[in-house]
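Below, each structure is written out as structure tokens.
Two complexes come next, and they have one chain in common, chain A, joined by chain B in the first and chain C in the second.
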Partner chain A sequence: MNAAGCWKCGGEPHDSLFCKFCNTLLPPATDYYRFLGLERRLDVDVPALQDHYYRLSRLVHPDRFQNGTPNERRFSLDATAILNDAYRTLRDPVARAEYFLREEGLEPPGQNTRRVPPELLEEVFEVNTALEELRGGGESARPGLEAALARFRALRGELDADLGALFALYDRGRERDVLMKIRGALDRRSFVSNLVEEVEEGLTAR
Partner chain B sequence: MSYSEKVLDHYNNPRNVGSFDKNDPTVGTGMVGAPECGDVMRLQLKVNPETGVIEDAKFKTFGCGSAIASSSLATEWVKGRTLDQALAIKNVEIVNELSLPPVKIHCSVLAEDAIKAAINDYKKKRDGEGR
Partner chain C sequence: MSDLLQIDFSSVQEPRIVGIDLGTTNSLVAFMDLTGPRIIPGPDGGNLVPSVVSRPASGELVVGNAARDLLTSVPERTAYSVKRLMGRGAADVQEELRLFPFRITSDSDSVIHLELGGKVFTPPELSAFMLRQLKQNAESYLGESVSRAVITVPAYFNDAQRQATRDAGRIAGLEVVRLVNEPTAAALAYGLDKRKQGVVAVYDLGGGTFDISILRLHDGIFEVLATNGDTHLGGDDIDNRLLRIALEDIQSEWGEDVSTSAEAVQLLRRAVIQAKESLSFAPATTLEFEYHGRHYRRELGRDLFDKLIADIVDRTLGPCRTCIRDAGVKVEEIDEVVLVGGSTRIPLVRNAVEALFRARPHTELNPDEVVALGAAIQAGILSGKVDNQLLLDVTPLSLGIETMGGGVTRLIQRNSTIPASATEVFTTAVEGQKNVLIHVLQGERELARDCRSLARFDLKDLEPTPAGMARIEVRFLIDANGILNVTARDMRTGREQGVEVKPSYGLTDEQVEAMIRESLEMAEADFKERQVREAQVEADRIRLAVEKAKQSEAYAALSGEEKQRIEAAAAALANTCHSGDHLAIRAAIEALDRATMSLAGKMMDTAVSAALRGTKI
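Moving on to the complex of A and B:
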């Protein structure tokens, strides 16, 4: 990031928020992992990330640079914005994986979020039928939909567990086809998640 | 984007909406989902086992007007055809008939896939009977 070295003292380039020679705030890295000084892993220790976030928030806070040079004031604003984005993205496993895949040059997931997983096709069809019935006042469709909702929520939980296992697998071997599997799992999770919302909405609408 | 008159006609008066008993050995059921828009379509055929002619067809589609029109049209077209003739139906024919715009071509693909899936299902049942 700071390829030209420190903007203030000219010290040799290094990856850090502050120049290790003169302790001046440097232009922040835009990559979330580099910015936070974290190893590029999919499995992230979220409580530790939170501590780190609070600590860095104080270090780069614009209040500390009110009397600084224009450069420092700007870098502090930039760093705060990146820090917030980085924290929000990396603390959530799904957002983190989506970010990670994008950075690895894989087409962002979400392209196929409406693709019906084949094994769910029949059930999705039945749920749509039941939702239509319920919208038309057919209260007898409600218990079936509630049962389907419970199943979809459980399935979402299973997919979360799958994702966790795939994260660990990727961190161990860094194999690209694991990333492809993660993308597939994200698509399925997104589909199931939309389905959960759709059924919830159908059940609460009156 | 506006729908063509033919799409609107099928959308407002869909032909052959409904279902057959999917356990009936003379019924083939095709269930397909569209990747692009999340539509789901079920198309069912009732086949005369002696002649191999499709005698009746029903569909139910959850999706946009073009998907509904494509499947409605497909049920009309397969009736009276043999399985092989029905397999020959191409999605472009549906596109042309309904004047579907490029963004809705996938709806016609879905209908073609549904026909094929239903025929496969029927054949599987027929051949599974062990005669």
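Moving on to the complex of A and C:
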């Protein structure tokens, strides 16, 4: 980043949002970890990330550069867009893992090629029938769906825990086959997560 | 150059920024005082300027209270609720057009064209008349020129509606420094940051739009977690409902359909609004309507009123539930609920909000003023006067591009904090292809035809390459106003790639420029007219003073010649008063002033001696 040095004072290049010599806003790095000045880890302390995000927002937000030079205003807009994108991605374990996989040259799990995990096949079929029934006004399907929703939520919780353990494992050894396992876990989780949303929607729709 | 000659520009004061709430029913302007935000009253002393623009037969443009009064006498020349037409096409507003008195011309597919007394206006132009009035109110109140403003918009406004609002500002001669979402502005005004941490919901039901926003507060940071709403839901819908029912009722009672008369409809509309408003305070009211000597009278109790509008109020609850879910909070975690917008005075609305959020909502601030006050605070933040607070708002709708076969690829999800960006690489399908067309959409649906078309971006004059070899990186950036900016770069050459924008709804840049030019000419005419009117007021004042002075002892004591001189000067002023030439009027005023100089002196003496004698003159 800032390979040419500071655009204003010509100070030597370094990794920071502001020039360390003249405190001018610099063109931002586009890599989320570098931008935030974070170590490249999958396990992220989210409350600390949030504090960091708020602190940086106060520094770079376009509101602060309304009366700035055109350069500063542009960098402020760019930096804040990247900051927001970075925070939104890294605070969420799934989005974070998908980003990480992409940066490591691994395609994240496909959006449209989701197979039903075999152990869920039967239940998914039942839930779909119940949803259909509820849509047609069959209120008797409701209790069964609520129970299924609770099971799916619990399952999603388990998968989240698995994912967390894999994150820690990767951060310790940085082994590529752990990343492959993470990819598989993401796939399963996204299936269950879609299921939860579908049932939630079915239950709240009127 | 000597150091002494260097000017410190950091001390040069930036021009003031005012905050404007450009509402469906009323508009307001506010500014940041040393003590906090304050509403600027209009010349009539009222804080609210009705969002009504009229063009009576005389041809001049009338705005605000005066225009509202014309709604019943020249309805077909008067426009109201223009905000509901901003950034829309005729097909979007078919339903309500039936009750509007004004006409829409046939070329209204991508921008609505309203005809008022033979002249055609677009919604941004009509809104610009409102903004110009507010600007003028601010200028005469503050005694300085005002050229920069923060303008509020419904949080759920899409890109076209936001652009239309910004265009209105430009046409009115205002630099729109920022568009701020209304519920967020209201949260600022409520000073909710006094509570250092917490989650707050803002329920904003105005004249024409509904917004719900959920925010997290964190030491002066107002982070919007999610927003939802309906830009076509508000008090207008309640008015229209009552209006339709009353029209039917009148038809069955009188055997006459009065809905064909725009005047009758507007008179009745005024009556149902009155009835609606009084039902916010009284358990029952009487709806009264008189037309061509016939009378219509109906008792209306709150129970019946509630039943009639229940489904309209219900329509706000779906967006609320979605918003809570999107915010990722539970209802119990929401610490406070704030009510904004005039329609939240309706008891049924308050009850519905209380039931949903299980909390008694805040109503301390005037729901009509709170958004303008918040806009002024945001203006303060932008000018650096307020530095401990910061708004982090979101984009209300997902942004995507059309894929082959009419699908949509999402690039930026709804409720992403803005500024937000996404990049996508495009290539060519055939050898030597010169341009790539990107269709950008807003909305949550899976198919392009179910989403709102935002614009088509044309990557033009590509370098000829074999099919699939071009690499054009396109960056979609939603800025802090919630408006999309698109830039493109040829990845092979690193050069900036030209992008031509064809907005699906709204005005092109050229059209806005033309309107700005026209409005400048009009502003000049307006300015001249104002000078004439001010001179006339001054002339009336001095002529009245002279008439009064003629009754005094001092006048009686004047010589005949002196009296004659005064009479002549007064007559000359009376003659020039209607000349429309403000310089001539000013000259005549001065002449009369000179002619009465010695009279004024003598009167002063008599006044003093009278005061000494203790008698009243």
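As a working rule, the second predicted complex is superposed on the first by the 173 of 206 C-alpha atoms of A that agree within 3 Å, B and C clash if a C-alpha of one lies under 4 Å from a C-alpha of the other, contacts with A are read in each partner's own complex, and residues count from 1 in each chain.
Rule of thumb we're sticking to: a residue touches a chain if its C-beta (ideal position, glycine included) is under 8 Å from a C-beta of that chain, and two chains touch if they have at least 3 such contacts.
Everything numeric here is computed off the predicted structure, so don't read it as measured data.
In the superposed model, A:Leu77 makes contact with chain C only, not with chain B.
With both complexes placed on chain A, chain A has more residues touched by C than by the other of chain B and chain C.
Once the two complexes are laid over each other on the shared chain, residue contacts for A:Thr129 go to chain B alone; chain C is not touched. Of the two partner chains, chain C is the only one that A:Tyr87 touches; chain B does not reach it.
Once the two complexes are laid over each other on the shared chain, residue contacts for A:Tyr54 go to chain C alone; chain B is not touched.
Contacts of A:Asn67 after superposition on the shared chain: chain C is touched, whereas chain B is not. Residue contacts after overlaying the shared chain place A:Asn23 against neither chain B nor chain C. Shared-chain residue A:Leu121: touches chain B; no touch with chain C. Those residues of chain A that touch chain C in the complex are listed here as 54, 57-58, 61-63, 66-67, 77-78, 80-82, 84-85, 87-88, 200, 204. Touching chain A in their complex are the following residues of chain B: 31-38, 40, 42, 60, 62.
Note for the complex: chain C touches chain A at residues 14, 177-178, 218-219, 221, 223, 321, 325, 381-384, 390-392, 416-422, 477, 479-480.
By the touch criterion stated above, chain A contacts chain B in their complex at residues 112, 114-116, 118, 121-122, 124-125, 128-129, 132.
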